[in-house]
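Pasting the structures here.
What follows is chain A paired twice: with chain B in the first complex and chain C in the second.
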Partner chain A sequence: MSPIARTWRWIREHVVLALGLLVLTYMFVPIAVVVLMSFNDPGKSKNVYTFRHFTLHNWMHPCAPAGMCHSVGLSLGIGLLATIIATIIGTMAAFGMVRHEFAGRSLANTVIFLPMASPEIVMGSSLLALFVSTQVALGFVTILIAHVMFCLSFVVVTVKARLTGLDDNLEQAAMDLYANETETFWRVTFPLVLPGILGAALLSFSLSFDDYIITNLNAGQSTTFPMFVWGAAQRGVPMQVNVIGTVMFLIAITLVLGNELNNRRQARALATR
Partner chain B sequence: MARPGRNRYTGYLLLAPGALWLAAFFVIPFYSLVSASLFDPNGSVLTGYKMTFHVANFATVIRVYHSELFRSLWYAGLATLICLVIGYVLAYAIAFKGGRWRNLLLVLVIAPFFTSFLLRTLSWKLILSDHGFVVSTLQNLHLIGSNQHLLNTWFAVVAGIVYNFLPFMVLPLYASLEKIDGRLVEAANDLYASPFTAFFKVTWPLSLPGVVAGTLLTFIPSAGDYINQTLLGSPGGRMVGNVIQSLFTTTQDYAGAGALSVILMVVIIGLVLVYIRKAGTEELI
Partner chain C sequence: MSQASDGSRSLHLSQVTKEFAAFTAVKSIDLEVPHGSFFALLGPSGCGKTTTLRMVAGLETPTSGSIRIGDTDITYAKPYQRPVNTVFQSYALFPHLDIYENVAFGLRRRRSPEVDRQVKEMLELVELTSQARKKPPQLSGGQQQRVALARALINRPDVLLLDEPLGALDLKLRRAMQLELKRIQTEVGLTFIHVTHDQEEAMTMADTIAVMNAGEIEQMGAPNDLYENPKTTFVANFLGQSNLIAGKVLGPDGDFVKVDMHGVTVSIPVSRAHAAGADGWIGIRPEKVLIAAVGEEIDAPGNHLDGGIVTDVSFVGVSTQYLVRMPWGQELQVFEQNTGRRRLFAKGETVDLSWRPEYAFLLDASQDVTAGIEDD
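And now, the complex of A and B:
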């Protein structure tokens, strides 16, 4: 091997990983800022973009800014409801698409894919055009409708991926051991697909909790948490929004890391059995 | 995978709720949007809107807002290209160098998603602000002048878009890189391909499905985004998303907003079709 090739190989062995980790670090820089600013005491200063003094005040009084906790409550409520509805009907649709014959399969695939490939502003404005022309009052229900709509495609795609990767033989074995269809479904198929369904639910919740563009167009007088942050950003955000951001991040990362560690433990237990 | 069920209509029953929801709240609204784009532009919320098939709406919004439209496509295209480069490095590192840490690293790619999009963008506002660490370092290194800033420039907007949509690029790239059989690259090396040639003749072509999916999932939402522009950009550099949003909510010019949304969608679909065709032929070479 020529020295050039050897050098290149060494570079590939180490530098690619280093660069990758650098990109990953870059992705966490703003998160670090959010966590840091949750401990900031801006004092009387209007400048909320520099760290002045350390304080626990924001964590002790998270609901101090008027209207913020109400908006968090609304976002949580909509997020939970939208997640439940989207996960149930999305999972049903995924089972239907993978496990059953029906006409118009490619049309269904296209309609499922399109919401993921449309700019949010177009989806939001077309829903608004519908609500305006049918004179539906904007508020909780219209936000919920919109959120279920854009979560649905992500649920179908996630659950479908899990279903298509499933080993057929396990179900065949259950049937051979005299389980009927219902028993096979609830005791074999469903538990195997469950991680996919839970992943889809987590994704739906984070999409719903985070959405601003579509929500803002269809919210009427209601204010969700992202809308509160947007409104506050015009004057300078209260530091407490960073507390909410930090808490959300910690909950989510505990859930996904916990799941990951659990998978590892199970894999190790299976390997040593 | 399809198997004979007890009832041949089960498939339709399972699919029905989701299909109806998408039909009612995605397909039909799109029809409302197209019809709104043909309303009489003189209507208002108080007097109501008359359907007059006013096709001139399209010409009007193109004439007034073409610079915003081009700016959106240009910002989104540039951001997508940067995302592709740094996203490819990250996805490649996870897929081929991650080893037993692969899944954990993948979780870390998604993790920033869970802090609000708006808060992350506001963080960039802080990081890039005039008194911040980045600006002062660049000024000390004389890379930018002492009276230049980063915030409220196109640079900040593109940087924000790159940051916010990077996971949409990394995940599909990873999915297709992970499927590549390492023995193919080894075979290329055995046949005296330089690592460079091996990458461009083996790895890159095999990862093309991920490249296409990732660029689409990054380009499309960024072309319609206005959050980054509003928080990080200057008022003079509006993107098409800003215009649609303000036409809908502030001016309540539903006809103009509808027409501009339809144009954005048509331009995007057109670009996507050309792009997919191009990517398809490249794959054959």
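And now, the complex of A and C:
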């Protein structure tokens, strides 16, 4: 075989792998930068976007920048509360919309999509108009109301999908096997819909934690983490923001890996039947 | 819940009707299923057999009529309040519970003592002891089917309902499970009500078959009674195959009824004549029809027809199936066992047909002659 043919063959065999690696690189470079910069010591330099010296200072003193940890706490608090409220209301709404025939059901199904479809800036400003005109003081409560609102439709859609895919014979089988309505719900329906509910909760949390536009319009004097970063970016982001970013990334990757390992364990069990 | 003696635990349906918004699924049916019997509800899809089953299970409420087990009226009882369990067509095993917990589900809901011992015995009966800790998706179709059966059976219901439980299995496994189900039913002695559209399956397993069509019970009886003496064209065609020939009733003659069939007078036993008017369909099963060369002595002192022409011959190994065109233009089916003692007839040959009068039956001419023939 000629050297050219050999090279050609090598390229042919590795091109998909190479492209795949490129795509992965493209996706992970920003994260790698965040992780790297969390160990950066910018010194007295104004340019905080250049890596100068390695330091653990940022990790040892994550709360050094004034107001940052407070904003993280606020974001976490709102995220958790909004997730809990939206998940409970949204799950109940999904059950109602899937399980009950009522006038206007298809209309309700369409309307529930609207918050997902409409631009955030529109929703944010209309909420602001609502709060101002009804003289609700802007702050924690208004942010929470806004977050629950936009999380709701995601929860409804996610749980609905899971519920629609549920074989209703299972509930009939439970009733047939002497489980009354309450037992049927808690022993069969709920455990089977739970993955959908958990997925919806995770999605809600990340949407809430992440939101800037709607939050910024309805926050009043409060500052959430995205607002803090946005504000700080004008003067140069403190390196500790990268620490928070890295921690969030680690939590997310742990969740994903845990789920993947669990799936593999189940798949292996399936294979060895 | 009545848990009295065996005699009072039979199932009664009286004038049960189920109407849905657009149609009536079940039209005022009456049924009595004695305790301990294997009963089959047989019919094509959409005949109302599954709706009937679901009403007994409590998953549908009858529009009118009543359902009783012994002396207890269960017409409006919740599914979990009646001594009835179901093996679902799709099995409906709980995917989040392992096999052991699936089987134990009913016992645990009823706070039954000795759950562990009972579950282990039941798993042994269906030969799944080694699979106890697996989840349902890890089992094969046949194993899942046995779990579904065990899960229902362990509760010792007065009535066990089986909704096409073998439909999802391949032919070989289905045959094996039919025998297995029959064995288990005999062993535990419970009432089984089996819904199926497979006439062979119903005949293999059931003591009594009720043939349903369009929401009504066409005929009920032991498998051989239904097959040998069908009362409607639907039953004649749905259970096996029948030749149905138009005829005019001439009148009774002792234990027989004389019928003119295109110029030939044939006799039919009175007990097998179900025609009310002057016209009727003369029915004869293809394997009861004898075929012979012209003039040959036929070993049947019966209704004799000549002038048939063989139009089709299919050799299927155990038997040969002929289509014979009669002088009046109709093609009759004839099955002959390949005993090896008689020669095969060729296409185009002229033959005589004959059958013993006691095998023929007479049906009412007002009925659709093609009812119950499945289109392929």
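Please note the rule applied: the second predicted complex is superposed on the first by the 245 of 273 C-alpha atoms of A that agree within 3 Å, B and C clash if a C-alpha of one lies under 4 Å from a C-alpha of the other, contacts with A are read in each partner's own complex, and residues count from 1 in each chain.
In this text, a residue touches a chain if its C-beta (ideal position, glycine included) is under 8 Å from a C-beta of that chain, and two chains touch if they have at least 3 such contacts.
Predicted, not measured: the structure shown is a model, and the values here were computed from it.
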| item | value |
| --- | --- |
| Dominant toucher of chain A (residue count), chain B or chain C | B |
| First, second, both or neither for A:Asn180, with chain B first and chain C second | second |
| Doubly contacted residues of chain A, that is, touched by chain B and again by chain C | none |
| Complex contacts: residues of chain C adjacent to chain A | 57-59, 78-80, 84-86, 88, 90, 92-96, 105-106, 109-110, 134-135, 137-140, 151-152, 155 |
| Sites on chain A touched by chain B in the complex | 5, 8-9, 12-13, 16-17, 19-21, 23-24, 26-31, 33-34, 37, 49-50, 89-90, 92-93, 95-102, 108, 111-112, 114-123, 125-130, 132-133, 145-146, 148-149, 152-153, 156, 163-164, 168, 181, 206, 209-210, 212-213, 216-217, 225-226, 229-230, 233, 237, 241-242, 244-246, 248-249, 251-253, 256-257, 260, 263 |
| In the complex with chain A, residue positions of chain B that touch it | 1-3, 5-6, 8, 10-15, 17-19, 21-23, 25-30, 32-33, 35-36, 86-87, 89-90, 92-94, 96-97, 103-105, 107-127, 129, 131-132, 163, 166-167, 194-196, 216-217, 220-221, 223-227, 231, 241, 244-245, 248-249, 254, 257-258, 261, 264-265, 268, 272 |
| Parts of chain A lying in touch with chain C, wherever the complex brings them together | 167, 169-170, 172-180, 183, 187-188, 191-192, 269-270, 273 |
